[in-house]
Structures are given as C-alpha cells and as structure tokens.
C-alpha cells in the first residue's frame, strides 16, 4: 500500500474529488428547501431553485418597473466601478508609500509607525467618523475601501522593497545610479508584479468594505440590493447575488493573475522553477 | 448667521411615511416647486437611517426625515437648532411589539427583547411596559440592527422583538407570532417629520415654502383613490422593496396627514406638548441628551402650546407656520 | 602614488573587532586575491573598499583621497549571487548601466544614443560569450552565464577597480575554469585593478598577481572577539605564468551559445 | 552628499521622525475641535480633549447608572472573549484543514476548490444566512469571526505545508515514518509558528468581523458601544474606544509575537540570519 | 544475487527522454560515485533508487525484488540541502529516526527506551563529531555540521543503501576534505552500499570503488530531448588507496567542537 502522503490523484480523480463538496452542498440545499417548502409553501428561507432562477431572470433581463434599469447589471456596474476606483487609489498610494518607505530609511522612520498604527484600526469602528468626514456620496464608499486596504498594501510593499537583495541596490550605485534612478529602474519595475499580488490579496477585504459601505449609503450596487431585500428575507435574491459576487471575485482574481503573467514573464519564470501549488 | 442661498439638499431614508419624498423627487414635483421659488433642492436617499440623521447633524444636509424622538436626541441634543417643517404622519400601528408563542404583553417579562436600542422602538417598549406595570428592568434589551431583525426572528434565540414596518409585517406573518402592543395604543407619540435647520430656514423662507408646497402636492396625488394615486403608491411600494399591496398595508397603520389642516391641528394641540414631555423624559433616562444634561429639560422644545424645558436652550421647534400657509393656499 | 592605500585600518562591530591594523598599498593593475577562514572579515574588507562600510579607525585612501562613504561608478562589484537585475534581459542589464550614466533624470535613452549604447553593450556581451542570450532574462540563464553577465555589466562603465566576492563560489568546478580565463582576459584587456575574495587557495594562487591571507595573529580564548584579523601573508602569486595543460574527459556538449560545461580531470 | 537611499537615521532621529505624524494629527484635531466648539459649544463631532477624558473616566471608573457595570471593562471583556473564541476556533480548523490539505494530495483535491470558493464569498453578504443558521447569540458572533478568517487561514497554512521542502518528507520516510508520523513529528511542529504568524495577520479581519457582529446584535462589547452611541453622535465615546481598540490590537499582536519567539527559537533563529525589518 | 540490478531501465518525462537503456548491477558494499553534465539525469537516477520516481520502462531490482514505489527505511538519503529537520535539535534529529521505528502511533518514546535511544544517538553524534552540539538547532550549525548531522540521522536506522546527492556541493573546499574522511569511515564501519552523485570528478575517483559517468551517446541536434543519457563509463575507482599527502597552509582554528576549516594547498 502506498502511503497516503504519496498518493496523487490524476486529472479525473481531481475533478471528481473537487466537485464532491459542491454537489454535497447543492444536495443538502435541495433537500432542505424541499422539506421547508412542504411544511410551508410560502417559506422564504430556502427558496426552490426554480424560484431563484425566475428572480434572477427578472433582475437580469427585465427592466425594473421603477427605474427602467436592468437591476443586476446596474448594480454590478455600480459596485465594480466603486471597487475599481477604491482598489486603484489604494494600489497607487500603496505603491508610492511602499516604495518610499521601503527604499528611503528616513521616510521609513517617518511614516512607518503611523502606517502600522492606522493598519491596526478596524475600519468598521471608524465608519461613523468616515461618513461624517467624507459625506455619503460615492467618495465615502471609495474612501472606505481605500482606508480599509491601503495600510496593509503599504506594509506589504515596503516589506517587498526591503526584501530586494541589498546587493542589487549597491550594484546599481556602482553602475552610477542615484537614488531616483535606483527607484525608477531597479525598485519600481521589480515591485510592480508584487503590487499585483498584493492587490489580489486585498480584493477580499475590498469587497467586504464595499458591501459594508453600500449597506449604509447607496442607491444601487450589489451590497445595496442585498441590504435592501434583507428586510424582507428575500433569499431568492440574496443567494444568487452572493453567488454572483463570488463569481465576480473569482474572475477578477483570475484576470489579474493572467495579466501579471503576460506582462512580467521574468517574475513568473522565477517561480516556475519552484513547483507552484495551484491551491 | 446662515446666509441666503439658492441650493439646498435634504436627505431621506426608506420608511412608509417618507417614501413620498422619493416619489416627489422622481416625478419632478419637488423640482417644480423649487423652480417656482427660484431655488434648487436635491433630494438624496440614504440607506442607513441613523447615518442620515448624523449627516444632517454634521451639517451636510439642510433637512432630513426623522422621528420626533431622534430629532430631539441627535440634532437638538447636539446643539443644532432644528425645526419640524413638515409633520407628515404619526405611527398608528406601524411600530409594534411581537412575541413568539405568547399572546399578551405581560408575558414579555424575563425575556430577551431584540430591538434597535435607543430608537422609537425602545420608546414604544418602555411605554408598553409601563402600561402593564412592568419596567425595563424586567426584560433584557438586545440591540439589533433593523436590517437583520427579520432573519434574526427566524431563529429560536429570538422570542420578542420591537420594530417598525415593513419589518413588522414580515415578522407578524411568520408562524406563532402575535403582536401584543403597537403604536396605535399610544397614538400620536411616534411622529414622522421633515426636520430642517432653523437658521437655514430663517434665512431662506423660500426653502421652507418650496418643500411644504411640494409635500402637499404629493399628498394630494398619493391620497387620491384614482389611477394616478395608485400609480404613485405602487412606485413607493417598489422603491421600498415591496409592492402595492405591501405598501398599502403599511399605510393602513400610518395616520397620514394628507391635508395640511390636519397637520396644523395636530401640532397646535396640547397633546403634542405632553408627548414631547414623555419623550424628553425617556431620552434623559437613557442618557441620550448627553452627559451635560442635568435633567429632562436640558434641551428646550418649543411647541405652539408652550415651551418644555430650558427656554434658554431651545433647540427643537414645532412650528405650524408653513403648513398653515399650505392650508390657506398661500404657497 | 598608489591607487589604494590602507593605513592602520581597524574595523569593529560593537565589541567585536573584525580587522585590526591593516596596512597595505596596491598599485593600479594589480590582481589581488584574498583568502582566509570563514568569518575572518574578507567581505568586510571588500565592503570598505566599496564604501558600504567605513573603517572604525585608520585611513583608506583612493588616489590619495579618503574613499567616499558610498558606492560609486569607480568601483565595480560582482557578488556571489544577486548581481544582475532579474527584471531586465541580459542586454538591458548592460544597457541600464550606461543609461544610469547618460540620462540622469529618466535613466532612459532614445534614438541614436540608444542605438549606440545597444551596440556597445552587445559587443561586451559577445566578449563574455553571451551574444546569443542577449534577450534572455537572468532566470533563463545558468549560474555561470549570470556571473558572466554580471561581469559585463560591471565593466561597461569602465570602473578602475573591480571587486569580486567569491564570484564563482556557487558554480560547478567545470564552469569555474572557463570563468577564470574570462576574468583574466578582461583584467588584461580593461587594465583593471582587481580584488577577489575566494575560498579556494589554489584559485587564489592561480589567478592573482598577489595573494593575501587574512588571519588573526592574536587570540584570547576567553574573548574570541577581542582581536581582529590582519593580512598575515602577502605573497607574490603565480600570475603571468599561463595555466598548466589540462588533460581530461571533457563532457563538452555546448549548445551553440552556451559555454560548455567541462569536467576537467587534472593531473596531480 | 550621501545619497538619500544610503542615509540612515540614528535612534533619536527615528524617534523624532516617527512621532511627527502623530503630533501633526493631534494638532490638527485640537485646532479643528477648537474651531467647531467656538461656533457651537454643544458640537459633538470633535469634542474637546477634556470632554473625552471625562467620558473615559466615567466609562472606566464609574458604574453605569443603568446596569451598575463599569462599561469600558465589561465591553472589553465581552469583546476579547468573543475574539479569543473565534480566533481559536478558526486557528484550530485552519490548522487541521491546512495540514490535511497541504500534506495529503487526495485531501487537497477534495477540499481545496471548496475552500477557495468559500474564501471568495464576502461574509458580510451572507449575514442573514448566518443568523438563520446560528441564531443571534454569542455563537453567531463567534461564527462570523470563524467564517471570516478560517478560509484564509486554511489557504495560508496549506501553502506553508506545501512549502516545507519535499526533501524533509522524503527524509522522514527513509527514516521509516508513515503518513501519520510524518504529520505529527515533521509537519505539525514546523507549522505551529507559521500558524501563529497567520493568526497575527488574521487578527485584523477578526476585529473587523467582531465589530460587525456586535453592531448587529449585542448587549455589550466594544463594537456594540460604538454603534450604539453613534445614535447620538457621541464622538467623545467613539474616539477613545477606537484608540482603545487599536491599543488592544497592538498589544495582542505584540504578545503573540513574543510568545512565538519564546516557544520556537529555531523558527526565529532562522530569520535572524536575514536582516528582518522592524516595520 | 546482486544487491541492486538495473535491466534496460528507461526514464522519460513526457517527450523528454532522460535516461535510456541503463543496465548495471551493484554488489553489497560497493561505493558507486556518479558524475555527469548538469541535467543529464543523475538526480533522476537516485530518485529511482529511492522510490520517489518509477522507471518508465525496464526493471529495477533490490535483492531480486522490484523496488517499492516509495521511500522506506532500507534506503537512507542525504540531499545537498534541507536534509535535517530545522525544528529539532541535533540530538532530537537523530532520536526521531528511532522513534519513527519504535513508536508507530505517537512517534514518541518514554522511560527506559527513551534513555536507551538517546544514548545510541549520542554515540552516533560523537562518531560524526557533533557530541558538543547535541542540543543545538540546525540553524546554529554550520553547513558542514548540518551535513554531518544528516549522515548520522540517516545511519541510525541502519539502512543497507545510502544515497548521497551532491552532499558536499554547498560546502567550502576545506570542509569537504574532512567530510570525505567521515563518509569513508562510516562506509567501512556500517558496511554500507553507497551511491553518491558529485560534480567533482576528482572527488568521484577519490571516494568511490567504482565511478559511473552518465552521458548521452546519441544526439539529435534538432530534437535534443529525443535521446537520454546512459552509463557511458563504468570505471574502477581509486578506493582502497589512501588519500595522497596534503601539504599546505592550514588556517585551522577549530573551536573545541567545530571541525576545523582547512584550506589545503595541494601539490599539482
């Protein structure tokens, strides 16, 4: 008998094994839904799949009676736009401060304690303060995302900059580079793919803050819709919205990774040498 | 020290008595009245009710929809002199106490009660307990966000809730739920208002006139028993996440003042003064007036029937002035 | 005047004395190899020449002037690892060195000057046998090719002094022999002054014109940190003599652009 | 002139530079507070420092009029208990699944896609579902923390397990170890300090979910208090509570690191060889 | 019957043929050293002996039986790196090997058996010169000491075959010489059969009783992957002859427990 630790599934086994938990969850849901609907045909908790599909069709393909919009798509567009703005702004700030803090010891001494402190403040706790400072418009939602992800991005990137072998910075100087040139040609280009990695990690929290912000102040958006129908326990809308958000999150992550692999072959080439897990 | 301006913004949040503002904004009625007085009024929806009041208190909006109690405890207690420009309705069954598996209010003794702490629900509970000879010490109040009350109620943990519509009707519709006390037992005590900054109003009477004018035109449309009225109510139902039937059910437990004269009568009656006395007492007991408050009269409230509390620190004013103009057709 | 002069140089980190009373002078064109036990301060010595470390006491003179306290383009360096920029192709790795010098603001060249620098760089890459790999990234190059590239990169700005810290420590013995030839030819051609640290005494004797052995002359068994190392031997080394004939099984299988990996069986 | 990149501040400079941003923020606050209080002495937005100190004294040292509790301490105890429970449970689940997924390829194939999917779902979006399943008691709050941090912990740890050099697993087998022994003596002890690292990272999100949970249903707790007093804009309570939470977060992080260094010298000894940034 | 027998063994990864038609038999007690160009399949070959890779075609027999498809305690291994457990002290690293064998469930021993195993392990640590470092963690040991530890660990369960994949590749030349003596003495004392991969032909000749050179005999320039390597030379090597006299400057400064770092100047 081969030891468990040495047994590797082939493609087919991997597929089957991977699909199992999903099938299990789906099966459990169907069973539970059936049970509850038999007891109470108006039950809202676990709507039948047919009901969910109806609702989604209505949200995606019928213009809303109130505004004439196709709700699913306007919600998605609004949320993605906020997410994109927030994450881009966060990434930019993270990049600038990360590089400055990582490359210039004086700047590190200056900003790093503040960044550490800010990164420890749970943004949810200062939500009320944020809304008061930034109002309730689009700005506030974007700012919540920025505040939520930027301290971590800065700390991440400054660490990545510090991890660039000192040999390279010395080497650049022996080739005649000044501080600015070293940053522009040695540090920045090496940090870019790492920025993308960090951004991918930050997307999880970004979605969280987006939804929290939309729950409090918005008139459209995925989080808004979930929040709105939550009062009526409209699980036929909530569940597919959650699935949809998950799908969007997955696609975003996938796209970012693909982009990174295309633009920075040297970065991924390097990790190709070590076996990379496909978790 | 507020200046004369031509641009204003007011905010509102989703609630049966405030949906007309959305309708007025979407249908152009508000713009029509603003144009008439040569000003601009932005009507902004805010999801989170408390956040909308906070925003108003912080000075980001010139007016905001809120209840009488919150008007006292948030802007007025925060030193922002506020005037109840439009008294739209009072809750007449729209807020209620619901028990699971029990059928009279006295059974609430010893239970956990889920409600939005320090809100009108809390006030309603206090008044209810009083009516059956209990006090707040006999129950445990669990602060629960309004959006989550319905899903929370489906769990076994939750046996007693106090809430408002539309959540209330969702909860009452669930099995084994009995409404045991509601705002129709204390009529006229939970009042839904459009509150505006007093100084802004003083400096810009046009702002008040336009808002009040728009409001009563909306009321005329929505109160009518015709196709246009039905369309308006359907719109409001949809916007609040339900449908015509659901919205009309909520209206049924709301005493809307469709006519300005009704509202004027309500404001000038001595009952309002009594009510606000209760509310101030409740707020003080719960620390809502702030640590600086020595007694329930710390924040003065002006009603046509007289001032309650400190007349040197009047921060909340009920004035029938603009509604009376509407009643007299002078807008 | 000597190119480099050390006068009573001490270096200590806190309590720990690493180098003590080091005196030496080196003329332009010498090839100094440095050996010594692990941890005795060879890298520290090179770092002082480089400017990343300052002597704790004593004087370190370059052309009679105190050495600047940070690296500059007069002193090139090749480390054991991490000596090339992983995000640039081989050619870009060399071009960037010229760009640092010629474009102070953007470190980017365009047009004619760019073509000219590319040309120069390609020639240097050919000289180290990397012409065919100009467009490869370092991770696509073998360890030996990366060190060749590092050499080319260090040389394009024509430093007067080249510092090598165990540049071949991570290479296979077969590849080392090729690198030896390369370093020697670059040394002659560019008229460099080279300081090279190595662990391999034989390599030191073979390559250098002068071999320094770093060692402690005093020991205190109760406080091993109390005394530092000095140059205990300063020997004339074998340079000018050409390498002895190598007889061996050559497993040469060079692709056209790869320098062949040789396993040399040397007669003893 | 030394290049900026080479200039390192000494101790004193570091102290001064690090303190500057804090002083700046404090100064800005004082100035803003003064301005607003002049315009409206009852203003609640930026209370004067004296007011904040009064409030904190009251919350910390005077029994509350309503319940007789010392509010700050009961809130802190309640929150820390929830946090500890949630994080411990998350860590335990993360450890078990992380090791199983990382060490046993068949388990990886089985669970990993599900874990990845779950980690992409923003927990805020499924709050109603959580309440329906877990009720509104302490359990629900702890579960929200667990759901919020566990998928990330699992992915983190399974990655860490995969990064254990294959040589070591092979070596263990050549020494006669079976799968179970390899896990117990080679993988588990090497993963423990990495678990602590991951837990330290997860504390940020854990605080977030704790506060979100307390905002939704509670009778005490730091998040509860902040969201309750938000009702009357009591910034004199909110601001010191935020500072207090930040301090708690900082101390927890510090304690965990100190514990790790004491228990696993080999782990920290390893990183001692590379210069570690003190960001 | 030979201890190990290879019959027409092929190994390919997808299209790439790494080894082709390898035939050999090795008797118990031989010391086989393996050399060959980088990437020619030496590690792959060792992996097949270890059981982590299976031959694509052909038979690989141990005592006449097909080799099991996973590592077990009959074959010990020392890699170039990562061969010891970083979370265990030197002593624990050796003890754990006995614990794996003697306590199948918990892999923990207590009481008398524990004391006995500690004693055994300490003896073995002494044999490799690590008695004084028994309570140190690997990160507190030098590279050479780590490899000594890895050897002790591999030997305590008395494997019949010991596989060494460039075990000294990361060590300084001075330290290597000491390691050679150690491996030879362990080989004799434990009557091991050793397969050792090295890049250093001289080392191969010096240590082994038999030296294999892996190389491709056929080449297709258009499809370099089409053909694999074979054992092109199978030479009797110099074992039994003792190492030649070493003359040199010895920079010996061993602390009491450290094996001295020697720089040997060998006569050419």
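Letters A, B, C, D and E mark the chains as written, and numbering starts fresh at 1 in each.
What we mean here is this: a residue touches a chain if its C-beta (ideal position, glycine included) is under 8 Å from a C-beta of that chain, and two chains touch if they have at least 3 such contacts.
None of these values were measured; they are calculated from a predicted model.
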Item to check | Chain-contact steps, minimal, separating chain C from chain B | outcome: 2
Checklist outcome for this item: Maximum distance between Cα centroids and chain E occurs for chain B
Next on the checklist: From the mean C-alpha coordinate of chain A to that of chain B, what's the distance rounded to whole Å?
Outcome noted: 38
Checklist entry - Between chain A and chain E, what's the gap in Å when you average each chain's C-alpha atoms? => result 47
Item to check | Per-residue overlap in chain A, given as positions that touch at least 2 other chains | outcome: 3, 6, 45, 128, 132, 173, 178, 215, 230, 233
Next on the checklist: If a residue has to touch 2 or more other chains to count, which residues of chain E qualify?
Outcome noted: 70
Checklist outcome for this item: Listed in rising order, chain B residues that touch 2 or more other chains are 54, 58, 148, 151, 154
Checklist entry - Across the complex, what residues on chain A touch chain C? => result 165, 167-168, 170-178, 180-181, 184-186, 189-190, 264-267, 269-270, 273
Checklist outcome for this item: Residue set of chain B touching chain A in the complex reads 11, 14, 44-48, 51-52, 54-55, 58, 60, 146-148, 150-151, 154, 166-167, 170, 175, 234-235, 238-239, 241-242
Checklist outcome for this item: chain B partner, complex, touching residues on chain D are 40-45, 54-55, 58, 65-66, 127-129, 131-132, 134-137, 215-219, 224, 227-228, 230-234, 236
Checklist entry - Which part of chain E faces chain D closely enough to touch in the complex? => result 50, 52, 70-73, 75-77, 79, 81-88, 96-97, 99-101, 104-107, 137-140, 150, 153-154, 157, 159
Checklist entry - Okay, in this complex, where on chain C does chain D touch? => result 69-70
